Amino acid sequence: MNPVNYLYLAALLFSIGATGVLIRRNAIVVFMCIELMLNACNLTLVAFSRMHGNLDGQIIAFFTMVVAAAEVVVGLAIIVSLFRSRHSASVDDASLMKL
Amino acid sequence: MSTSAVHSLWTNAADPILKIDTPKIEYGQLSPTLIVVGAAIVGVLIEAVVPRKARYYAQVFVSVVALVAAFAAVVALAAGGYATTKSGIAAMGAIAVDGPALFLQGTILLAGLVGLFTFAERRLDPEAHGNRVDSFAAQAASVPGSDSEKAAVKAGFTTTEVFPLLLFAIAGMLIFPAANDLLTLFIALEVLSLPLYLMCALARRKRLMSQEAAVKYFLLGAFASAFTLFGIALLYGYAGSVSYATIAQVVDGTVPDVSPALADTMGNDALLLVGAAMIVMGLLFKVGAVPFHMWTPDVYQGAPTPVTGFMAAATKVAAFGALLRILYVVLPGLRWDWRPVMWGVAIVTMLGGAIVAITQTDIKRLLAYSSIAHAGFILAGVIATTPDGVSSVLFYLAAYSFVTIGAFAVVTLVRDAGGEATHLSKWAGLGRRSPLVAAVFAVFLLAFAGIPLTSGFAGKFAVFKAAAEGGAGPLVVVGVISSAIAAFFYIRVIVLMFFSEPKPEGPTVAVPSPLTMTAIGVGVAVTLVLGVAPQYFLDLANQAGVFVR
Amino acid sequence: MENLIALLIAAPLLGAAVLLCGGRRLDAVGQWIGTLLSFASFAFGVVLFADLLGKDPEQRTLTQHLFSWIQVESFQADVAFRLDQLSMTFVLLITGVGSLIHLYSVGYMEHDERRRRFFGYLNLFLAAMLLLVLADNYLLLYVGWEGVGLASYLLIGFWQHKPSAATAAKKAFLVNRVGDMGLSIAIMLMFLWFGTFAFGPLLGGEGEPGMVGDASEGKLTAIGLMLLLAACGKSAQVPLQSWLGDAMEGPTPVSALIHAATMVTAGVYLIVRSGAIFNAAPDAQLVVTIVGAVTLLFGAIVGCAKDDIKKALAGSTMSQIGYMVLAAGLGPIGYVFAIMHLVTHGFFKAGLFLGAGSVMHGMNDEVDMRKYGGLRKYMPVTFVTFGLGYLAIIGFPGLSGFFSKDKIIEAAFAKGGTEGWILGGCALLGAAITAFYMTRVMLMTFFGEKRWQPDENGNEPHPHESPKVMTIPMIVLAVGSVAAGFLFNWQSSFIHWLEPITGHDHGHAPLSAGVITGATVACMVIGVAIAYGQYGRRPVPAVAPRGSVLTRAARRDLYQDDFNHVVLVRGGEHLTRSLVYVDHTLVDGVVNGTAASVGGLSGRMRRLQNGFVRSYAVSMFGGVAILIAATLLMRAV
Amino acid sequence: MSFPLLTATAVLPAIGAIATAAVPAAQRTAAKWLALLVSLGTLALAITVLVRFDPDGDRYQLTESHSWIAEFGVRYELGVDGIAVALIALTALLIPFIILAGWHDADPLETGSKRWRPTQGFFALILAVEAMVIISFEATDVFLFYIFFEAMLIPMYFLIGGFGDRAHEHGEKAASTQRSYAAVKFLLYNLVGGLIMLAAVIGLYVVAGNFSLQAIAEARANGTLDMATNTERWLFLGFFFAFAVKAPLWPLHTWLPNAMGEATAPVAVLITAVVDKVGTFAMLRFCLQLFPEASKWATPAILVLALISIVYGALLAVGQRDMKRLIAYASISHFGFIIMGIFAMTSQGQSGATLYMVNHGISTAALMLVAGFLISRRGSRLIADYGGVQKVAPVLAGTFLIGGLATLSLPGLAPFVSEFLVLVGTFTRYPVIGIIATFGIVLAALYVLVLYQRTMTGPVKPEVSAMPDLRVRELVVVAPLIALLIFLGVYPKPITDIVNPAVQQTMSDVHKKDPQPEVEAAK
């Protein structure tokens, strides 16, 4: 089957992730949506890697996973500390600073 | 590899890929980055092994030494001609060692050093239980206002982790403008971002705002980097390679051997354009250009002021470096597509930043918006697409970063019971109470406003000149108009400081340690030197104005 | 000998400098310094006069070039003097009468603590006036022209504590400025068309003709009219006459010297001096004569209605100058007589004013003639001198006024044609009215019963004769006003004296000189008779009766001031007030408005920054969408 | 190389400024004397320049040229022509008087306050302004000029905003708000002008490739550098706008009354007599030399604006209640004359305009400073608060009157010469405009005499009855100015001789010849 379909799938996933970021309140979920976007990217990379028949894309995919993991660490740390001090993980509550 | 091989990969009845050539690393040319990374790791070890009391000193020592050494390395490389004649690609095409890279690395290292001084400042806050404290949380993990926090303060904890974090961030920034393939670019982006996210959360006072800033910065940053990554993927898909040089060739259509797959994707400009747009968007997010600027004011306001200063200065430098390289090395063939778009971005950035800043009431937010406006000015230079454009941007970045750090350093000095007094009303009559500080801050503001004889003017003139020569005359006019608008709020602050009556319960001006004094002093010195006799540095930027391909 | 010319001016100028900068220590002797220097100037004048007389009539022009004043390319103005018969005449008049009035002032201003400054101003005036008549080019003349304006401003407003005085001074200066505009425009025109404004090359003289000969009539008419405007301002001719009446606020010697004898005649000098221009511009001349005729009637009518002795005399001055201007407008026929009348008028009008001053001196500075009466018993010398001046001005045969005025009337008729008749008629009528109002003044002041009462705080005036220092000048002037006319006409010496400069031409009178003379005398007698009938036979009411429409109008200067007030003053106030408003709201408002609108915009854009991460994300998402769309679009187009 | 006289002239006050600022708080008086001495030294240097300058020599003399910012093609190029020399002399001459007149303006309100430093600041700032003004007169490099043209705003801004006139109808609080408003207005107007000029400066560089006035003017003259008509016009407008704001020309004038009204009298003099001259000077030097064609193209419009300034300024002066604002509007009217003279494009007009700059400087200084003395005595700027001063303080009144007469350009005083030259110069080419402008002299008489009458004459107001006459220090300030007014009125040759050759150069730059008198021509 044509690898291009994987691209369509990836694009779909990416859009879903983006939409989630835009509409979900809970910081954790927002963050997960971002992870989804990253994974969509991974899929894209692998697909292209396949099409071009070189390994760069797949290598990037691995790096991306590592980066994602690092982001999880940092992100969760921040979100948790916020949650503990506010007892809420809603990003809309965190709006002290505006204008 | 051959098409048959592709097929075989696909049908996984393959003869294995035989040879992977062993990587060859030019350690000498990468030394600046390596030093900083190494020092960062050492810093982590210090956290692990050195007793708490000694950590602060150990960390400061290591960081200073590392940064100085790295800077020395940069100078050595530049002196060795790597900026001009011997400039080339290192680490198997991952890192470019050329003029812009070295210039920006030098700038970042110096900015980092000065920023480090403000990080290490421990005289501003009153001593807590006999312990000197800096502007970072005693224990980031403890809930604000909780007993554990009180205990941590009582025990005299300090978050000395900021120093390794700072070094990691700097390391990322050093790679960012030097990255010569998309993968390195992405990694550098993350390496510089993640520590910043953390550092934003570490303020000692107003921790809720600090954490909020961190969350906002993190979520939006991650969001942006996701787009960047997708852009990278698409570009890779278009060109079948992540190396800048190759992509550039593909874009120009001068690539030597075209595999059918490549021929197929090459035909699809959408991949190229969308991918490029997304990458550029990620970088514009970092430089805080409208409409990707929304995080700037909140983060600048919430983050610990030393972090804000460092971030505002160094991140901009690194990000603009990367942007320049992308636009000048990878996408020159696409100039006629991205230039008009960047025009638009530059215009809205200049005007938006300046206009919104007028009604700000918090000094840190004010500076945030001014930094947005300045991003717009720099973009004007980027758009020039001439060697002059590059060097003017380099010069502007160097000039701007020191003014910024100095300005934020001054902000840390003006304090009242609740920590820094950042609300503008509190600054009323500062000139009467402590003329020197007010005067220094006035100098920085004038530099921001681009008054002659300050570095701000020289920089602004350089970029506008480059833009005009690059055929972006209208952009210059817009820039001039927005500078006029911007001048208005800088002047407002000066009026506030000098001509309005001091409030009875006004803030006090803390007497800092030599560290912050150095930071401010350097800021003033650079501002005036680059304002009065910029020639040497302009030459430097000029020589450094050529990208290696 | 030429070098004396500068000294003429230097002497009084030095006086002014010393007196005004000298400070209090000069208070005691100030008046004498001033008087001395003025007499010195007179002495120089006499010496120069003797020198001129010694020369051949054609060679009687001395010039002295001091230094180059303004020099920009072709624009060349020198500080240079020209002394010829015309200016000589003025020099003698100015310094002579001036010196006498200095002397008189010593007595008159005796009790004024700011006396020193008064004499400083007088000297300043002399210097400026001499500069005016000695200047060798129009620009330098302009300096003197404004200089006398300044002096008159200072002297009219000398008693500055009186608001009326200050206002009068300001008014005089402003009205004069309007005239000065004319002069400066005239000079600009000369420079534009001739490239010079020096008398020599422009007007010619010493035989060779000036450039004006080559200019078209239109050009010369324009210049002439501008000069006339200037003359109107300085010589209080209609329509710029309004300031002269108020100028009487100044101390009486000032009125005598500046506003009767010398300064106000500067206009006549200007016209006569520019004769070459006017001769070639008949239209301009016609306008001049009309102005003169109108003014001589205007002044005379005003003079009839005033109860303030000085204002009455001011009216008469206006009218007499009207005669001179009329004569000057007649061209070569009249120039000489204009000057002659100017000189004689200088004598008798100065005398009259000094007399009036002497009267006021004796009457606690009362100026209302209705509060005089029968003063001849109390101040005989004043009475006699004033009387002689009176006879002179009404043109009593044999006295100076008779000769000069009669000649002017003759010349007016000699202009020929209808305008000749009209002008002559006006002049005759003026003579009659002159006789009327002067007789009225005479009668109200010196004859009839005493009409003065003690003022509110009970001190009744004790009229007394003035001290010698005041009477002597009056006597001298009286002698002058008696004898001058006769001397001038002795073998028409005056005509011969001036002819080389002004030229002379008898014209062709439609009537014989005798007839006109007869008519003049008749008019005079009629005027006197009417006045006697009105003021001599029955007692003068102490408060002015309502009087006829004409009288009321005349009392208010024929409503000319009211017109100015309503149109110019009020209008100007409205204009400036509205402009101030415009400046503040409109011109300033535009700028402030822009600033405000930017601020508003900022406020609105600021709300986008609402603190919610997700909306930030939205903006980023939108941003990237736009970015992509734009990039694709760029490729599409 | 020879001694850099021009640099020294500008650097001396700059050093003086720093030194003055560094004087410790206690030695207030020492600072004043130091500033005075420095200004006198500068005057000496300026006179040396005047002497060393040879009217018949090269166009630019005492030139210095060093590389500065090669990257921008900027050189440190100094040089003076006659016009610059005259204005440098004026500046150096006025500053000592300004300092002397402002001797007590920056003293602490309550005596004996130890930590009071503004006094030092005040005099330091004045010297700083002097330095910048002088160097912008000397600069023959457009960029160099621009830098100081802009930079001088900062010290001016602090002078206006920091040391306002304490006399205010609504008390100190209102005074301070009014003051900062005026200061901000001043700065923003001029900054906007300057920024627009910046765009033009950059444009000029793009077109010409360097900033050297002489080089560009030469290239324009011999045709090696030809600008597209529209380019030239846009650049011209960019430059002219900035200068018109500074000058100021209607309708960009509204900052001046505020600034002059709120600032202390000496600072007001500094603004109108010294700083604003840079604007008119720059029109003459930069607009005409760099963009001759565009200048001619814009002449009609500019003349009309100048005409409006003349009449409008005079009328508004008549309508003022505040004597300092009145003088400000009078200045606007005078600047109208100057600009008119410059753009009349005749020798008389331009020489007159240059002369006018000098004379206006002196006469306004005289009038404004005396007004300042008056205000400092009564503590009010409102004309209505005065009356009969002449009686109690005759010398003050006398000097005030002379200043006023100079302002209405009475013949015999210096301003007359320049004003008449401007009028003639304009008239010979634009008769109608010349005639309308002549109305200005009547209006001038009106506002001056009204001012004098309301304040000095009439019955003595009780508030002024105890007013002391001029003190020695004040006399020392006013007397020389008046002497100068009279001298230059009688013998302007010293200045015209210097100025005329330079003006001829400018005339040839714009390829204009004086119109020839018709009758002469006919002959």
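First chain written, first letter: the chains are A, B, C and D, and each begins at residue 1.
By our rule, contacts are C-beta pairs under 8 Å (C-beta built on N, C-alpha and C of every residue); 3 or more make two chains touch, one makes a residue touch a chain.
Just so it is clear, the structure is predicted and the values come from calculations on it, not from any experiment.
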item	value
Selected pair, greater C-beta contact count between A-C and B-C	B-C
Chain whose average C-alpha position is farthest from subunit B's own	C
Inter-centroid spacing, subunit C versus subunit B (mean Cα positions, whole Å)	81
Distance between chain centroids, defined by C-alpha means - subunit A, subunit D (Å)	65
Interchain centroid distance [CA atoms averaged], subunit A/subunit C, Å	97
Whole-Å separation of chain centres (CA-atom averages), subunit C against subunit D	37
For subunit C, residues contacting two or more additional chains	595, 606, 609, 611, 613, 617
Where subunit B touches two or more other chains at once, by residue number	215-216, 219, 223, 227, 297-298, 488
Multi-partner residues of subunit A (at least 2 other chains)	18, 21, 30, 91, 94-98
Every chain pair meeting the contact rule	A-B, A-C, B-C, B-D, C-D
Residues on subunit B engaged by subunit C in the complex (per definition of touch)	215-216, 219-220, 223-224, 227, 269-270, 273-274, 276-278, 280-281, 285, 290-292, 294-295, 297-298, 336-338, 340-341, 344-345, 352, 355-360, 485, 488
Subunit A partner contacts - residues on subunit B that touch it in the complex	1, 3, 5-6, 9-10, 17, 140-141, 143-144, 182-183, 186-187, 190, 194, 197-198, 201, 207-209, 211-216, 218-219, 222-223, 226-227, 229-230, 232-234, 236-237, 240-242, 259, 261-262, 264-265, 297-298, 301-302, 365
Residue ranges of subunit C in contact with subunit D within the complex	20, 67-75, 79, 139, 142-143, 145-147, 150, 153, 157, 160-161, 163, 165-167, 170, 173-174, 177-178, 180-181, 184-185, 187-188, 191-196, 211, 214-215, 219, 572, 575-577, 579-580, 583, 587-588, 590-591, 595
Subunit B-touching residues of subunit C, taken from the complex the two chains share	595, 598-599, 601-603, 605-606, 608-609, 611, 613, 615-617, 619-620, 622-624, 626-628, 630-632, 634-635
Contacting residues of subunit D [partner subunit C, same complex]	188-189, 250-251, 253-254, 312, 315-316, 318-320, 347-348, 351-352, 388, 390-391, 398, 405, 410-412, 416-417, 420-421, 423-424, 427-428, 431, 434-435, 438-439, 441-442, 445-446, 449-450, 453, 456-460, 490-493, 496, 500, 503-504, 514-520, 522-523
